[in-house]
Amino acid sequence: MDIMQHVPIIMIILPVFFAAFTVLFRSKSGLQKALNVGVFALLFILSLRLLSYVWDNGILVYEVGEWGKYGILLVADLLGAGMVVLSSLISLMAMIYATDYMDRKALDTTFFPLFNLMAAGLNGIFLTGDIFNMFVFFEILVLSSCGLIVLTGRGDHTKMADKLEAIFKYLVLNMVSITLMLVAIASLYATVGTLNMADIAVKVSYLAEAGTLPWHFHVIAMILIVVFGYKASMFPLHFWLADVHPSAPAPIHAMLSGMVIKVGVYGILRVHYLIFNETMFMLQPILILLSLITIAVGATSAIGQYDLKRMLAYSSVSQIGYVLLGVGMGTAYALTAAIVYLVNHAVAKSMLFLATGETLYHAGTKDIRKMGGFAKSSPFLGSIFLIGAMSIAGLPPTGGFFSKLVLFDAGLSSEYYIPVAIALVFAIFTLFYLFRTWLAIFWGEIKDTDNADGYTERKPTVAIKVALALLACVVIYMGVYPEHLLSLSGTIADQLLDPQPYITAVLERSVR
Amino acid sequence: MTTLIAKTITKACVPIIILFSISLLLAGHNYPGGGFIGGVMFTSAISLLYIVFGLRYMDSLYRYQWEKWFAVGLLISTLTGIGAMAFRYSFLRSTYLTVSLPLLGDIKLLSTTFFDIGVYLVVTGSLLFVFKTMGEDE
Amino acid sequence: MNLLDLALVVMTLSLLPCLYRIVFGPTVADRVVGLDALTLVIVVILGAYSYVQESPFFLDAALVMAIIGFIGTIAIARYLEEGEIF
Amino acid sequence: MNDTLLSVSIALVFGIATFMILRRDLIRVAIGITLLSHATNMLIVSTGAFLGGRTPIITGDKAVSTGGTFIDDLATGILAPVIPDGIEIAYVDPLVQALTLTAIVISLATTAFLLILCYRLYQEQGTTDVSEIRRLKG
Amino acid sequence: MDLFTAITLAVFLPFIMAAILPAAERVLKNRVGWYAAAVALICLLLVAQALPAVVNGETVTGSFPWIPSLQVELSFYGDGLSVMFGLIVSGIGILIMSYSNEYMSKREDLSRYYRYLLMFMGSMLGMVFSSNAIQLFVFWELTSITSFMLIGYWRNRPMSVYGATKSLLVTAGGGIFMLAGFLLLGIITGTFDIVTILQNGSMIALIKGHELFLPALVLIIIGAAAKSAQGPFYIWLPNAMEAPTPVSAFLHSATMVKAGIYLVARIHPIFSGTEAWFVLVGGLGIITMLAAGFLAFRQTDIKGILAYSTISQLAYMMAMYGYTSYQYPGIGVTAATFHLLNHATFKACLFLVAGIVAHETATRDITKMGGLRKELPATFIIGAIAALSMAGVPPLNGFLSKEMFYESSLEMGHILGGPFEYLIPAAAVLGGAFTFAYSIRFIDGIFLGKRRSEHLPKHMHEPTPVMLFPPALLAALVILIGIFPSAAVHYIIEPAASGILLEDVQLHVSLWHGFTAALLMTIITFIAGAALYARYGAIAAWQDRVSARYPAWSFNSLYDRIVNGASGKSTAFAKVMQPGPLSPYLIAMLLIFLLLSAVPVIMIAGTLIPTELNLEVPMYEAVLLGLIILASLGTAVLRKYLHAIIAVSAVGYLVSLVFIYLQAPDLAITQLLVETLATIIFLLVIIKVPQTFREKITRSVLARDLLISSAVSITVLILLLNASQGIVSPFESLSYYFIENSVPLAGGHNMVNVILVDFRGYDTLGEIVVLCLAGLGVYNLLKSRSDSK
Amino acid sequence: MLFTAIEVASNIFFLIGILFVFLGMVGLLRLPDVYNRLHATTKIATLGAFGVMLAITIRTGLSAMGLKAIMVGIFLILTAPVAAHIIARAAHRSGTELWTGSVADEYAEACVAKKDELNSGPDKRL
Amino acid sequence: MKQYIAYALILGLVWSFVSGNISVLNFMVGSILGLLIVQSLKKLYRPDKDMTFRSIAEHLPKLAVYFAVLLIEITKASVQIARIILSPGMDIRPGIIAVPIRATKDASITAIANTISLTPGTLTIDISDDMTKLYVHAIDVSEPEELKHSIRDKLEKYVLEAFE
């Protein structure tokens, strides 16, 4: 077997293995850091190799245990591999950043294993071809997030009590949503007798053609929308996000807002577009409606926030609404737009959150009203923050511009005039609150706070600068030369709308 | 608390429970049981010791680092899978061979047994780690 | 009515007093006794299953139940008495 | 077991659990979550109780034959497994049991975390009342 | 070097040079402005290379591959219009950057200043040479951002921040609408390339007949108006005066604000010749011209006067580009284009003069000035020339284009007929009169009369030649173009107008062109303007009274109310959307679950409850399940935690009995074990919390929760009853494979275990990872105690 | 013939066992206080359970089933009294009153005496 | 070492039982596992010095007698309690009494306490701190002295023989 064939499983097993390794051999912090950054760099390189392999050679199916569709398959199609690249990129940067940012205590104890497992969870979700396995990896992701949120970093001004409360809400809601997911999976299995998503898809389309598709099948689709909508923080399932994400230390915040909420979108793209085509006619209007409300609610809430992290969290809600709008409109172009949007938001938001962590460390407070004048002392952070804000606001020459461009274009070409109009208006809201915030932090006078004297001494360290600068490069790259992303997303969208190659690749496996 | 009576009976029971847990682990492939069940059984045995003799007393006798247990377990389980890759198979590709030994007769050696042992250690390690950490908490 | 049905009916009825004690008490100790008795009845049900179906699988469950019923009881009793477990 | 009655019971436990998780009390929410996972686990098993009626453990050394074929025929759309008519399988569905087992273990892990979270929350906030713990408002 | 390369280079050079500017600054120290000026000069030369070609009616085109997915190339297009703009931008750029050498204090952050100036210049050049809408938009928004950085250059001053924010919100926000307009255009025509559209008559016809014509036009005009401070969008421009004066000169005379005008000119062939075009562009221009002229008149800040005057001058151009009819779509085009050039010269000059004045007097308040002609004679002369040109006084260039404005107004009025025959010329004259009045006020207030303030410095002296040369050069241009317009007309205006009108334009402009109606209007303008200025005190007082009585009736206060009010309203909104406790979140989740589950029921009328239900129930099953319900109810009812936990254990044990009945010994064992361990954890926790918590459940909360719970219950029941009808034929469960193969292939008899460790061992791997995570997470939780405790 | 005898014997043990467990549970319901109820579960029910296990062993001999059943029986006999003892002790120490019809409580007296002596809370020794 | 082996062999037997297979091989496997378990738990167990094969061998018949007696007593006890349970009036006079014991070794004290719990109408609640008295709950304490006497003479005798 070609070594490339193993890359999907390596993307998951390597961090798991390494997590165990780290728990077992707690060594000196410096070595630990270097090893972990090394592993994540390796994962990133592998993910790129995987994507290019899939691009060249088509869908890569990996049989764990070699049981064909009767076991669990990892399916690296362009969507999956692309998401893995994205998550590997962001985790690498967050990891580099974290080696400096996180508390000594966290680095010495559980940070590295938890972070490794979080990465494994993400990759596992993106690569699995089995719906129950997706549930398992959802749990990995949730629990690792919870464990990581508790940890603290140097710019982390969240009270422990608040963190715990946030985790409590997150966890309880998650457990309810996971319950719903299990109900859906069990019902799905009871209806078609399989858990392999490609297998389900082909059986469902057979039943639909034969006219024997039971009606409760659509209920299952709806339940899964609730599950994924919760993960993606779609209205009215978005409440938790503004509590939870800001409670996390910056690198984890970046992971959560950058990658983890994207899992919900991925879920809809993967599961609904593969399996629930028959329900799409009901789902699409619902998704569009809810995504528009999500956009509006997120943006409107963000404006009134003076807690920087919270403001950005609401912004994530709003932005995910744009992604879901694309998902809901459902044409090839709209899906392209959704994926482009997703990628750009992931990169820019995670960069913004990493920058925020460092900014809060400099500021000594979370309250925007108490900040000001940092441009002079931290021009680097100011530029990074600006690039991030521009991208989220959709201004060129950042990636965010093209995501808005293609989204609006897709909407207008499918004659969704009113949704686009609403999205457009809230894009200006976004511009407003992001720039207002940027100005409040970096321009104006230095405020008289606890840190008024000390703030100049706190300069970002090399690791933090490297992580931020690399992400900024990606943001600019996607704004200056978006063709790679656009054509990749376009191909992904085509594959989503025509799942036949996916199904064929999966089901043409021989059994032992 | 715990009286002499409870302690004595506990001493008598714990080895039984541990043996039973090992039996569940090894028999799991053919009878009810397996790594998880065995591991939880073992955990129960140790919890019984903790309950009856007290965590602090047990800790003064043995300094178990349960987190190492689950790390080792996770390593064993993943290595079982990776082992298959070394033979150019897929991850977690199972295999078994029936060995005829002169004294012991036919013995079926399964690669999945190692996987199950990993599961056993992880379950034991993580649950006892939780118990111990929580029990030590003031 | 065959032996299994008989055993199951009698044992299921035996569950009622346990549940009564667990839910209605009146004292905590009564609830603990109820739970302890519940585990015992379950052991018997498992035994009955094995006996009638002549399959050993449920005896493993019975042994498990016997063991951990004991542990659970001791844990709750220790909590009740001293307000701590470990 | 009777499907209908079981379904009704599962649904009722779902309802009770829902009522519990809407309470203001941390511990009661945790209990509600536990009930919810009980209900879910029963639900998963119940959806698979359709094959035969025997414990899914093969006694004796002979492999069981279902007479089925397991090769997918994408061209006709009829996908494996294909089982000829009139084949009666003695065993209950083992797959749902395995899924439930995984679900049980996962919910144990999550519940453990949740409970200790409740304790820490009480420790930090001095109350188990969820609605008093509302610092994160607005 | 071919022309396309020259233009491309001219666009990218400023960016490249801006990137390496910090390095240059290290070498040149505070002379780095010359470096920037040199860059601008090179750009000018590069652009100028194209001039001969465009004068000959040729165009420069070329492209690089960029985004094939959107069929968008990186393409540049040089015609008369864009070359004119390129020359203005880079030419004035040279002057501004040279001027800044002296103007900007050595202590300033020069690197940032010139970096953004260069980037701004590059963006402007990129914008005017862009061939396609997407690329144009990119550069368009870049000008918004770079100008935002420039306006807010003094970033610690609150008013700078305010002004910068406003400019960004209005211009970039308007840009987003414009983008939508471009997208509609793209959807109608199938291309984003404006030049392609321009050169394709059938496409233009298609657009004009399309139902999306009006939306596209409105959206694009919103963007243009926002950029050019027209209509209600004017509000950003006066506040943008917080920028360093050279920046204001650059932004508001020649570049930033002209972007909107450029866009209007560029899309002129596509949309003009329609009523909508006239109403939107022309109407907007006329109204803005009057309002801004009126407002400029009463300003006390010299830069304020220039700001409002800029708005009103831009409105002239807007109005002229808006003049259109089906027969002669380009009525005002040449006039507007000529005025555009003239305005660039005199307004840049005026700003630079204002900069000198402010620099010397250390104030910008015109009421404190006066009599400066003695101390600053050269400045006075230069300023007076520029202001008089703005006022439309012959023989300066402003006079020429003003005359043309009147002519085109008359023509437009004539075409429209009816009351418009007089209204439009009258409006033009009134606008001219305001212009005359505030121009005179600028000269009079600053240079003439006596000193009005003691606070002015005792000794003022003329600035150095470095600072004086740029305005002097511009003033010279004002005179030169005024007296000898034909060169400018031939080399610049005609090609530009041809570029707009897509036909060869021949234009004859001379200082004296006979006694025409326009000349009469000019004379009326002067008289009316003088009268207005004479009544300045009364008018200003009236204006103050009005704005004092209706303080909220302005677009500025509307903006402030929206911006400030939004935060407050949103805080309140967020409070509503963020109730805090868990239960509302959960209720939201459950409700959406219920609602969405109901959708298929409504849309596909299925039988909710299957007819073939097994209703034969052995007694012991009923009792067992009943006991589970009883014990579950117990957990809900029992007050003390310990009691509830004992009941939970009972539920768990009973559930394991259900598993036994369902022939699942592995599950039953697991359930029993897990239940016991969970009980131990429960106990470990309730040791440390109070024994109970009594929640007072009000009747309404009870009703609500019961309702939700029953709904959940019923939904799950219906789903489950339907789902447990068995796998839909012809499909079968995967389990057949496991049953058949667990012994021969996996070597195990316990199928469940074989599935767990082999068929689906990967799931189990995930499961043990979850267990590890619980351990690590709990460790974190318990070691996370805050120090305050 | 022997086979049937074993079957009959085991069935008898089985039924008696079931019956005893049932009686124990009736006792659990009927007896007046927790201490008395413990008698019912510790003795009768445990015996009943032992009987069922014995029945299995009789039926299957030293097969896997029989051995396991014996193990279950032994374990129950080992643990049931301890569990009862610990519950009773905990109940008494946590203040569960004896039934009003009880005639003596020497344990309470001893506890009171010791409490006076130590003047401390519950016994914390291991 | 000997005592370890003794323990290990006992555990080997237990292993054979719990794994449901009595064979020499399985017994050996169990003994090895048992040895490992005892070894790793030795700090807690402190295997008694006098735990030898001979003492085990000597005690075995007595243990058997003890178990026989125990079973008979349990059966008697059960019948007695069953009668009480089923009697409509439930005429009982319960109470807690202190019963002095002679046993000194842990195993024998435990054995006597459990024996009391399993036999007619009595239930061990606690041991006194000095390990000389058991507090016993009895369903019928109308004649406490007789009860104490019967415990000492009937039950403790067998226990002491089997365990001391």
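A, B, C, D, E, F and G are the chain letters, set down in written order, and residue numbers restart from 1 in every chain.
What we mean here is this: a residue touches a chain if its C-beta (ideal position, glycine included) is under 8 Å from a C-beta of that chain, and two chains touch if they have at least 3 such contacts.
These numbers come from a predicted model, not from an experiment.
Q: Find out how few touching-chain steps suffice to connect chain F with chain G.
A: 1
Q: In terms of C-beta pairs in contact, which of B-C and C-D ranks higher?
A: Ranking B-C and C-D by C-beta contacts puts B-C first.
Q: Just the number, please: Cα centre separation of chain C and chain E in whole Å.
A: Computed value for the inter-centroid distance: 70 Å.
Q: Could you state the distance in Å from the CA-based centre of chain A to that of chain C?
A: 47
Q: I'd like to verify one number: the distance from the centre of chain A to the centre of chain E, where each centre is the average of its C-alpha atoms, in whole angstrom.
A: Whole-Å distance between the two chain centres: 26.
Q: Could you say which residues in chain F touch two or more other chains, in rising order?
A: 26, 38, 46, 48, 63-65, 68, 71, 75, 78-80, 82, 84-86, 88-90, 122, 124
Q: Could you list which residues of chain D touch at least two other chains?
A: As it turns out, chain D has residues touching two or more other chains at 21, 26, 29, 39, 43, 47-48, 50, 55, 57, 59, 70, 78-80, 95, 99, 101-102, 105-106, 109-110, 112-113, 116-120, 124, 133, 135-136.
Q: By the touch rule stated above, which residues of chain E touch at least two different other chains?
A: Within chain E, the residues that touch at least two other chains are 571, 574, 578-579, 582, 586, 590, 618, 633, 665-666, 669-670, 673-674, 676-677, 680-681, 684-686, 688, 716, 720, 723-724, 726-727, 731-735, 737-738, 741, 749-750, 756, 758-767, 769-774, 776-779, 781-782, 784-786.
Q: Where on chain B is chain C touching in the complex?
A: Touching chain C: residues 1-2, 6, 13, 16-17, 20, 24, 31-33, 37, 41, 44, 47-48, 50-52, 54-55, 131-132, 135 of chain B.
Q: If you look only at chain D, which of its residues touch chain E in the complex?
A: 1-31, 34-35, 38-39, 41-43, 45-51, 53-59, 61-66, 68, 70, 78-83, 89, 91-95, 97-102, 104-106, 108-113, 115-120, 122-124, 128-131, 133-138
Q: Touching residues of chain B toward chain G in the complex: what are they?
A: Touching chain G from chain B are residues 3-5, 7-9, 11, 14-16, 18-20, 22-23, 26-27, 49, 53, 58, 61-62, 103-105.
Q: Per the contact definition, I'd like the list of chain E residues that touch chain D in the complex.
A: Those in contact with chain D are residues 571, 574-575, 578-583, 586-587, 590, 613-618, 621-622, 625-626, 628-629, 632-633, 635-636, 641, 644-645, 648, 651-652, 655, 658-659, 661-667, 670-671, 674, 677-678, 681-682, 684-686, 688-690, 693, 695, 705-706, 708-710, 712-714, 716-717, 720-721, 723-724, 726-727, 730-744, 749-752, 755-756, 759-760, 763-764, 766-767, 770-771, 773-774, 777-778, 781-782, 784-786, 789.
Q: Which positions of chain E touch chain C when the two form their complex?
A: 618-620, 623-624, 627, 630-631, 633-634, 638, 640, 642-643, 646-647, 649-650, 653-654, 656-657, 660, 665, 668-669, 672-673, 675-676, 679-680, 683-684, 686-687
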